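Beneath this line is the structure, given in C-alpha cells, with notes to follow.
Every chain is named by a letter (A, B, C and D) in the order it is written, and numbering of its residues begins at 1.
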Amino acid sequence: MLDKLKKEVLEANLELANRGLVVYTWGNVSGIDREKGLIVIKPSGINYEDLTLEKMVVVDLQGNIVEGEYKPSSDTATHLELYKAFSEIGGVVHTHSEWATSYAQAGEAIEPLGTTHADYFYKSIPCTRDMLSSEIQGDYERETGKVIVETFKQLNPMEVPAVLVKEHGPFTWGKTPYDAVYHSVVLEEIAKIAYKTNIIKNHHCKHRMKEELLDKHYLRKHGNKAYYGQGK
Amino acid sequence: MLDKLKKEVLEANLELANRGLVVYTWGNVSGIDREKGLIVIKPSGINYEDLTLEKMVVVDLQGNIVEGEYKPSSDTATHLELYKAFSEIGGVVHTHSEWATSYAQAGEAIEPLGTTHADYFYKSIPCTRDMLSSEIQGDYERETGKVIVETFKQLNPMEVPAVLVKEHGPFTWGKTPYDAVYHSVVLEEIAKIAYKTNIIKNHHCKHRMKEELLDKHYLRKHGNKAYYGQGK
Amino acid sequence: MLDKLKKEVLEANLELANRGLVVYTWGNVSGIDREKGLIVIKPSGINYEDLTLEKMVVVDLQGNIVEGEYKPSSDTATHLELYKAFSEIGGVVHTHSEWATSYAQAGEAIEPLGTTHADYFYKSIPCTRDMLSSEIQGDYERETGKVIVETFKQLNPMEVPAVLVKEHGPFTWGKTPYDAVYHSVVLEEIAKIAYKTNIIKNHHCKHRMKEELLDKHYLRKHGNKAYYGQGK
Amino acid sequence: MLDKLKKEVLEANLELANRGLVVYTWGNVSGIDREKGLIVIKPSGINYEDLTLEKMVVVDLQGNIVEGEYKPSSDTATHLELYKAFSEIGGVVHTHSEWATSYAQAGEAIEPLGTTHADYFYKSIPCTRDMLSSEIQGDYERETGKVIVETFKQLNPMEVPAVLVKEHGPFTWGKTPYDAVYHSVVLEEIAKIAYKTNIIKNHHCKHRMKEELLDKHYLRKHGNKAYYGQGK
C-alpha cells in the first residue's frame, strides 16, 4: 500500500543523507497521505544504506502501526502532532544537522539577516521554550510536537517551515517529503551564515595590511611590469 | 546565435557549482557580446544539473528576451546595470557563497589583510549602502545594480572586481564569464581567511602547553632515544 | 591466532580513517580477547592504506609482544591500562580529531548541551588533570592511562565512553573495536556542536535585516505576484 | 637532467594539491640536489592539473635558469635563500593554506598547545616581522627569504620546519620535497586546532542542558526500558 508515498519518503531520507545532514541514523523523514490519514516514516535505528521500500513503516494518525515489520522512528509522535496541527504540510523532517542544532542547543531563534533567509522564511526561525518536567516524563515525543505547535500559535507554518527544538535540534516541513528535506538544507545554510554574520559583527576590526605590501603584490601580478606567471 | 558565448556561460555556471559556491539554484553567471550588445544568462530557477546550451537565455541591454524559451535569472536587471556602467567587463556572477554572504549580511567591507587579497584586489572589497524603501519597492533588481555602480564611483571595477550587496550577497565580474567565476572563488577564499584573521587578532592568548610534555612528545619521535614508529 | 579479532581491529582502524578522524598515522584502534587476555593493536607509524591483517600486533596485558613483526602503537600502554581498569570494554580508540583535540588542548570538559550528547553520554565528557613531571618523565604512556582511570573514579566508563587527555587528545572505548570508533565519531560531532553552541550563546545579537527587504525577497518568490523561477 | 628530483618535486606539488592546501596556482614546491647545487621548482602560474616533468624548471643557487622552457615560480628567490641558509633541508613549500595563512595575516606565532604540535615542532612556529619599505621595493622575494632566515637566528630550522611570513602565508621545509609537503599538512592541522583551542579558552561557559532532558534521552536509548531502535 502507499507505494508512491513510500518511494517519495525513501528517496527523501536518502537525499537527507546525501546532503550531509545526518551522521549515522540521526534523522528521519516522513510523508502523509491526507485522504487515507496514513503516514509513511523511516524505521527506527536503521542505517540509511540499509533502507528499502519494504522497511518503511506505515502508521495512522494515532501512531498505530498499519504496515511494516519494523518499529517506526522514535520521533514518530512528534511528526504526528505536526501533521494534525498543520493541515497544509505533506512531509516532515528531523535532523541533528550541525548548525541548526547549535542554535537549538543555544536556545536562540535565527533572526533574518539577509535575503537568503528572506527567500524561504518570512520571519525568524523560532526556538521552542524549555519543556516542563511533566512533559519530559510524560508522553515525551508527543509533548515535543505540542510544544512546537504552541510555538506557532502566532505564526503561519507555511511561511516559516522550520523550528528549533530547544536543546535538541531542528524539525522542518513542506508540501511534500522532498520539500521538507529542501527546507532542512536551506535551514542549515541559513544557520551557518547567520552564525558567521554575528561573529563578523562582533569581531570586525579596521586593521589593514601594510599598504606597500598591498601595492607590491597587486602590481607584480597586474601592473605594467608584472612578472608573475608566464607572460602573454 | 551566440553559440560560443552560450557555451562559455554554460561552462562558467557549471564551474560555479563544481567549486561549491552554490546550493540548489542560488547563483547565476552571464556573459556579454559587446559588439552585438547582447547578454547570455542562466534561466531562472533551473538546477545546474539540468542546464543545457538550449536553455540559456539571450537578452538585450534593456532586458528584452531576444532568444530562449525560459525566463532569465531574476537578477538579470542587476547584471545589465553592471554591463552598462563597467565597459571593460565581459562576465558577471552572483552567488550566496557562505563567507562572502556573511560579510554582506554583516554590512562590512573586506579589508586587505594579506597578499592573497593583494594578488587580486587593489583595495578593500566594498559593501553597498542600505537600499532605500523606494528602491526596494521600485524596480528592485535594477536599483540593486545602480547601488553597486554608485559604490564604485571612486573605484576602478577592474582593480576591485567584486562587491558585497548589503544583506544580500556578492557580485563579481571579469573580462570573461570564466574570469568572473574565478573572482568569485578568490573572493570566497579571501573572505574566509579575513574572518579567521580577525578572530585570531581578537582571541590570541599567550598560553602554552606544559613544557615537559612538549619535550616528551618531540623527543619520543625525534630524539636520540625516539621510540615512535618502526625505527630505521 | 585471533584472526577474527584482527579483522575487527583492522576494519575499525580503516573506518576511523574513512570517517575523516585521522591525518597520516595519528590514531589507533585496539581490541581485546578477554578470555585469552590478549590485545590486537595497530602497528606504530604505519599508514592506514598500508595496513593488513598480517601487520596487526598481538600483545598481552603486560605489553609483551605475543605475535607480529612490527612494534605496536606507541600508545599501547595507555590502551592496556584502560582494559585493565574498565572490565566491560572490548575496544579502545585514540585520535587527534580536530574538535575533540581542541577541547583537550583547552583543558575543558564537554558539558552536555543537548540531546545529541544525551543520546550517548550520560554526563560531561571529562578532561584529565595536568600530568606531573614525574609521570611525564616516567612510564609516560602507562601513566597517561592511569590518569584517565583516576578521572573515572566517580564515573561509569560505560555511561561516558570517552575522555579528553589534557593537552593531548581524545580516547574512546566501547564493547567492541567498532563501538569504540563509533564513539569517536559521535564525540567529534558533539564537540563540534558544543563549540558552536557556546559561540552562539556569547555572540548572539538581536539585529535583524531591513524589514522591507525581507518582504521583497519573500514575496518575489512566494507572493501572489511572484516572479522568481519559471512560473507554474 | 635531475630526472629523479624532478619526479619527486612534481609528485610533491601534486600531493600539495591533493591534500587541499592550494586553490588554483597558489602554492609551490621545490627540491635541491646539494651536490650539483641545483634546484627543481614549479613553473610560475601553471595549474596543477597541467604540470608535467617537462615543465619543471631547474635553477642554480643564484636563480639562473639552467633548464626548462618556463619561468620558475615567482617565489623562487625566497626558496633559494632558505636553501643557502638552512644546509640540512632538501625541499621547500609555500602555500596560502587557510589556517596557517590566517595566523600569518594576524601576525601571530602559533604557540605549542598540545602534543600534536609537540610531535613535529619543538617550539612556537614563529611569524616574521613586518618587511621594511626598502625590502618590499627592493629585491622583494629574496628579502622575504632573508627575513625568514633572520627569524631563525636563535632557532634550529630542523626542529621548527615552518614559518609564517607576516601578512602573507606559510613556508615549510624538510629533508625532501615530500617531507616539506608533510610539514605543510601538519602545520595546517596544528593552526586549525590552535585557533579552536583559543576560542574554547575564551568562550567556554559552564551552562548545561536541562538535567531531566539529559536523563530522558540517555535512558530512552540505554536504560532498562529503552525504546529507540529495533530492540535486540
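By definition in this document, a residue touches a chain if its C-beta (ideal position, glycine included) is under 8 Å from a C-beta of that chain, and two chains touch if they have at least 3 such contacts.
Since the model is a prediction, treat every value here as computed from it, not as a measurement.
In summary, the chains found to touch both chain B and chain C are A, D.
Ranking every chain by how far its Cα centroid lies from the centroid of chain D, the top place goes to A.
Overlaying chain A onto chain C using CA atoms gives a rotation of 90 degrees, to the nearest 5.
Chain centres here are Cα averages; for chain B and chain D they lie 26 Å apart. Separating the CA-averaged centres of chain A and chain D is a span of 36 Å.
Within chain C, contacts with two or more other chains are made by residues 105, 113-115, 167-168, 198-199, 201, 209, 213, 216, 228.
Contacts from chain A toward chain B in the complex involve residues 113-116, 182, 185-186, 189, 192-194, 196-201, 203-209, 213-218, 221-222, 228. Interface residues of chain B facing chain C in the complex, by the touch rule stated above, are 43-46, 70-71, 74, 105, 130-131, 133, 136-137, 140, 167-168, 209-210, 212-213, 216, 220, 227-231.
Touching chain D in their complex are the following residues of chain C: 23-24, 26, 96, 98-99, 101-106, 108, 111-115, 117-122, 124, 159, 167-169, 195, 198-199, 201-202.
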